[in-house]
Amino acid sequence: MAADTQHAVLPAARAPGLATRTRGWLAAAAWPLASFAVLLLVWEWAVPALEIPEYILPVPSAFLAKLVEAHALIFDHTLVTAKEILLGFLMATVISIPLGFLIVSVRLLEKAVYPIIVFFQLVPKIAIAPLFVVWFGFGLFPKVLLTFLLCFFPTLVASMTGFRALDERVLYLTRSMGASGWQTFRYVRVPAALSYIFSGLKVSIVFAATGAIVGEFVGANAGLGYLLLRGTSFLDMPLIFACLVALSVVGILFSYAVEMLEGLLMPWQRKGRHED
Amino acid sequence: MNAPMSDIAKAADAASIEGRQIVKTFGGFTAVDNVSFTIGKGEFVSLIGPSGCGKSTLMLIAAGLQPLSTGEIVVNGAPLDRPLTDIGIVFQDHLLLDFRTALDNVLLQAEIRGLPMEPARARAMELFEKLGIAHAADRYPRQLSGGMRQRVSIARALIHNPSVLMMDEPFGALDAITRTQIRHDLELLWMETGKTVLFITHSLEEAIGLSDRVLVMSPSPGRIVDEIRIELPRPRPAHLGDYPSFNIYADRIHALFRQFGVIKY
Amino acid sequence: SAQEKLTPMKLTLNFLAAGPNAGFMYAKKLGLYEKAGIDLTIEEGKGSGTTAQQVATGQTDVGFADAPAAMQLRTKGAPVKIVAPVLQTNGFAIISLKETGINTPQDLVGKTVAVQPGTAQTTLLDAILAANNIDKSQVNIVNIDPGAFVGAVLEKKVDAILGGADYHSIQMRDRGFEVTDLFYRDVGVPTVGLSIIARDDRIEKDADLYKRFVAASLAGWEAARKNPDEAAAAVLEQFPSVTKEQITKQFDVVFKLMCAPGAKRLGEVPEKNWEATYTLLTTYLDLPKDKPISDYYTTALLPADAPACE
Amino acid sequence: MAADTQHAVLPAARAPGLATRTRGWLAAAAWPLASFAVLLLVWEWAVPALEIPEYILPVPSAFLAKLVEAHALIFDHTLVTAKEILLGFLMATVISIPLGFLIVSVRLLEKAVYPIIVFFQLVPKIAIAPLFVVWFGFGLFPKVLLTFLLCFFPTLVASMTGFRALDERVLYLTRSMGASGWQTFRYVRVPAALSYIFSGLKVSIVFAATGAIVGEFVGANAGLGYLLLRGTSFLDMPLIFACLVALSVVGILFSYAVEMLEGLLMPWQRKGRHED
Amino acid sequence: MNAPMSDIAKAADAASIEGRQIVKTFGGFTAVDNVSFTIGKGEFVSLIGPSGCGKSTLMLIAAGLQPLSTGEIVVNGAPLDRPLTDIGIVFQDHLLLDFRTALDNVLLQAEIRGLPMEPARARAMELFEKLGIAHAADRYPRQLSGGMRQRVSIARALIHNPSVLMMDEPFGALDAITRTQIRHDLELLWMETGKTVLFITHSLEEAIGLSDRVLVMSPSPGRIVDEIRIELPRPRPAHLGDYPSFNIYADRIHALFRQFGVIKY
């Protein structure tokens, strides 16, 4: 039965083959790649043409060369940052979705706890980040915590909206089936809220990168944020931009991972969009 | 559905349902006004009345799904304070889950109730076969026609063989012909299994063709204004006009509706 | 009217307004700039590197920045020149709690040192380590935000910080801790400190304006040195969110740096200090040797009658 | 007719009276206020009890006193920050919602432009903020730009999800009415997407504060971020926390403004939630 | 609705609609298979067929709302390449906007078409009155009963007095009695205004009681297998059984359905 219920929420088996979809993505990637190529060419040409000095804006060839030249170094630091992003994001996801449900379900929580969460959310984490160093030191923890804090709220708000959006009448159905709270959550509320939740997760994963980077800015000896600061301290513009590229690639990979997961978990939406 | 289902509930398992002076208001608006009724164990009772008179509301209350403003529901002699669960419900608007295929919508019953999945799947397909939607088992609700959605919802109400059935205009979106067929099938199923049934319909043919008793409601605020015991032999034929008493029952209801001002001819 | 004759000018400080840049505020208060025909706006900065960049891009007319930061930017092709060093040696220090026992650079081995990336302190640490034959890998260096410097030392998350004796040590002593300042200038890194910088083309075109500015500024600094109380009051007046106490304590450190040993007048750094700076930067910080040190600064704008060092 | 169409999207007239609702809010505020009071009391008591030094965590009485003492100063700077937040947030809202619609509607845009937007979003703005100072100086513009950039994506993603969530069949209706693209947008797509859009706006407004603050950190002569930085550089913990309080209050006010607007624009949801 | 509407379209304004060899597939599934039909100016044509046979799909195609796989729709002699707009449609699933009240749902027609609002509002209320839902004008769809939702959708299709009407099981959720009444009202309206009507139904009574011609579709993949011209005088009575020819028509359709295997009796 376990396998079966799994299948009910994750009907991946009925999705089109992975190979087919990968091919689809590659085709889809052609357009943005072309746009990028154009962008980079214009940039390469415009910077010398407009006499923009290198310490203000490097040309793409300069930082792409740096990226190749220092790839081993950059790769190591990228791994560190990716790990922080992943951990913080996962923590936020795992905590905020059930919490969102709880808050929506329990009147008292909505009244008493939610405003406090909102308040603490409204305290700009970036501003208290330096205190994190004093409180928690330099390890992995303060970065993951910061990432977590930045991811937490978007997912929470999105899942709350999602859980609220459910047509209440659907609950007649589960109630008449004698569903437990957990079953209703798992079989009805989560899938129904999923498109909202993913909208939140897509925002979250973007802010996760910011969280990790700021965490590294504030105190670290590894990671892309650290490398970026090193670049800044030597005014090494190509290194700065190489780091930004690496960071963006990490962001894109995570972002696509979330979108892939969305397609996998919500086959009913996928079918809808590509029909006709 | 005319074949006996694999495991048949005894009439003894069925429940009696009683409503006592039920009032339901929405804000200042009274939807159901002081309604009392009883449905005996294994009895088939229909509810008929003009649109908006409170039939669906009353059914939800009887199933323990909507809070009532005053009054109470008594099931097997005990006041009902939670949703009835040994029940299959066909809701008026189907309430299929968009994110599950037709088959998975039906199997939700089995999953939530923790029934063994393989037999449930087999039975679901059996029901789909009978309802003529087996080919669409893997489609999502969006991809189904109106009538197909309704059939899925009927299959979902039957798959776990509950001892109480509540159906809110279950055959509304079916074609007239299938409707007669499925009405016949439901009657046979009921005769075999002795379920307690609350059946909401707009159709005199369905009400008279299926019920032991028909409750007639007035326009909003809904009250029960008549109760008609249908004394026809079972199973009843497709062409009810064959019974002279059919017209007597039908005319009685017609007269009421004319009195409500719902019909002018 | 008189105002119309004044030339508007914008000065960007190295950082937040406080003791280490009080001379400008005091000069303004004394009306020295107005007398020189300048309508001066003072803007706080965000680190010497950023200020130098602002000067280079023409976002501001004059900057106040650490000399090495300005020089590094120049090697990237930015046309910024050091016009008048106000602090002739830097005030950088390796700051630690006394109990940690960091009294010489060698004591750093095996310790954790917090640095703020982007500052001259940080880039010059390599020079200190090299000058004292210390293997860099034996010192654990962590980047932390300056906001966390003091807390991190007091909470013993780090053993030392590369800070300013004018900022961080004061805050620690304020809280009753005993602090050791190991000054850069005492461990072989006496680079030129906070300086007035400007763009090549501007000082060529408006040489007279810049001369007047430098003269007025140095006079202001001289006056501040004489009247620390009033200078502190001038800072407070223009930037109300500091406390007078803190500024006064900063003065104790800052005023000592205004003249390098052997200097004759304010703004005029002895050749040997320039040479030392050049050697340090070329040896340890990849400053290219293709240009002589004289390319990085000019003395042409210094007033002949600059206040004397005692 | 103008008045009439207005009313169709903004049926405020049918909402319960403002006075009634204000009273409702006050009642609702009682709970969180009580929670806060408890929190502050515990804090005040715990800090000395646990011998936490002042430079790590000040007691509430200390920074509340500071708040009172320096209220004029803090208020001035608060206004500056509030202005930056408001401008950036409004810009992002006004641009991202129609853009989200455009992207969802036009295949080519979805293919070619959206990935580029995603990419630029994925470049952590916090990391390039220092470059903003070099490029744009210390004025209002770089702060508003940063705020805009941080708000832009959550709203964009949310509105895209919202515009996609519409049951396509509803478009049969408008098409058969001969509705123009603009009419469909205004009468159907926007209201249908509204709950998603507001979910995005609620996230945005939170990040707007972060954007303004970071913009000020990086280079400013006014604003709460500037004041915070002053506090940090002199380790003036009460000032830091007073600023955080002011910042949070600004955040809360904006956040409530968004929620109020949501209630006003979506009366059908409000009715739904409070019934029974 | 038996009172003449304020501005009545002339039959001359009505459109003729023709479908030529229409095929519609969803993925690999053929929903409509090579269907041709014509509806003359001012003609009332019904489409009847088992559930899932493609009736709704065909209607959407005829209204220019769904792309067809092959074939073409010709309106007044010209190929249709965009949605028909001089039309009122009752969709099978009502398609009310959740975020508008019943009245505002109807007024959407007027707003989008730029009709003057005050007369539109008056007419909407007039229609609501006739349909018996005037008291619910300010409720949101969620707060309406199934039948009330359907009536709102009918009012929306009529408010702008279009020359073409397409109705997909418009009376499905109404009670049998109201249904007969409203059928009669629709017939009178049609006789007065001469609209071109495509009417989808499962009910033999409705098809035969309203139409000039009835098209009968086969089960999926849907084809038109019969076309029956109904030669009965108008207006037709509530009890069609009074005409002997009614039973001839009904039996002809019954026979077809029995042939399809939809009914077994």
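Per-chain numbering from 1; labels A, B, C, D and E assigned in written order.
What we mean here is this: contacts are C-beta pairs under 8 Å (C-beta built on N, C-alpha and C of every residue); 3 or more make two chains touch, one makes a residue touch a chain.
Not measured: the values here are computed from a predicted model.
Considering the contact criterion stated above, the chains in touch with chain A and with chain E alike are B, D. For chain E, the chain with the farthest CA centroid is C.
Among the other chains, the CA centroid farthest from that of chain B is the one of C. Between the CA-based centres of chain B and chain D the separation comes to 49 Å, rounded to the whole angstrom. In whole angstrom, the spacing between the mean C-alpha positions of chain B and chain C is 86. Shared interface positions of chain C, defined as residues touching 2 or more other chains, are 53, 57, 146-147, 151, 155.
Residue positions of chain B touching 2 or more other chains, listed in rising order: 26, 93, 143.
Shown for chain A are the residues that touch two or more other chains, namely 56, 130-131, 134, 217, 232, 272. Every residue of chain B that touches chain A in the complex is listed here, in rising order: 60, 63-65, 83-85, 87, 89, 91, 93, 95, 97-101, 104, 107-109, 111-114, 116-117, 138, 140, 142-143.
Of all the residues in chain A, the ones that touch chain D in their complex are 28-29, 31-32, 34-36, 39, 56, 108, 111-116, 118-119, 121-128, 130-131, 134-135, 153-154, 157-158, 161, 164-165, 168, 195-196, 198-200, 202-203, 206-207, 209-210, 213-214, 217, 225, 228, 232, 243-244, 247-248, 251-252, 255, 272-273. Put simply, chain A touches chain B in their complex at residues 1, 4-5, 8, 11, 14, 167, 169-170, 172-179, 183, 187-188, 191-192, 194, 266, 268, 271-272.
Across the interface of their complex, chain A is touched by residues 49, 53, 56-57, 72-73, 76-78, 114, 117-119, 122-123, 140-148, 151-152, 155, 157, 286 of chain C. Partner chain C is touched in their complex by these residues of chain D: 53-56, 73, 130, 133-135, 137-138, 217-219, 221, 226-227, 229-230, 232-235, 239.
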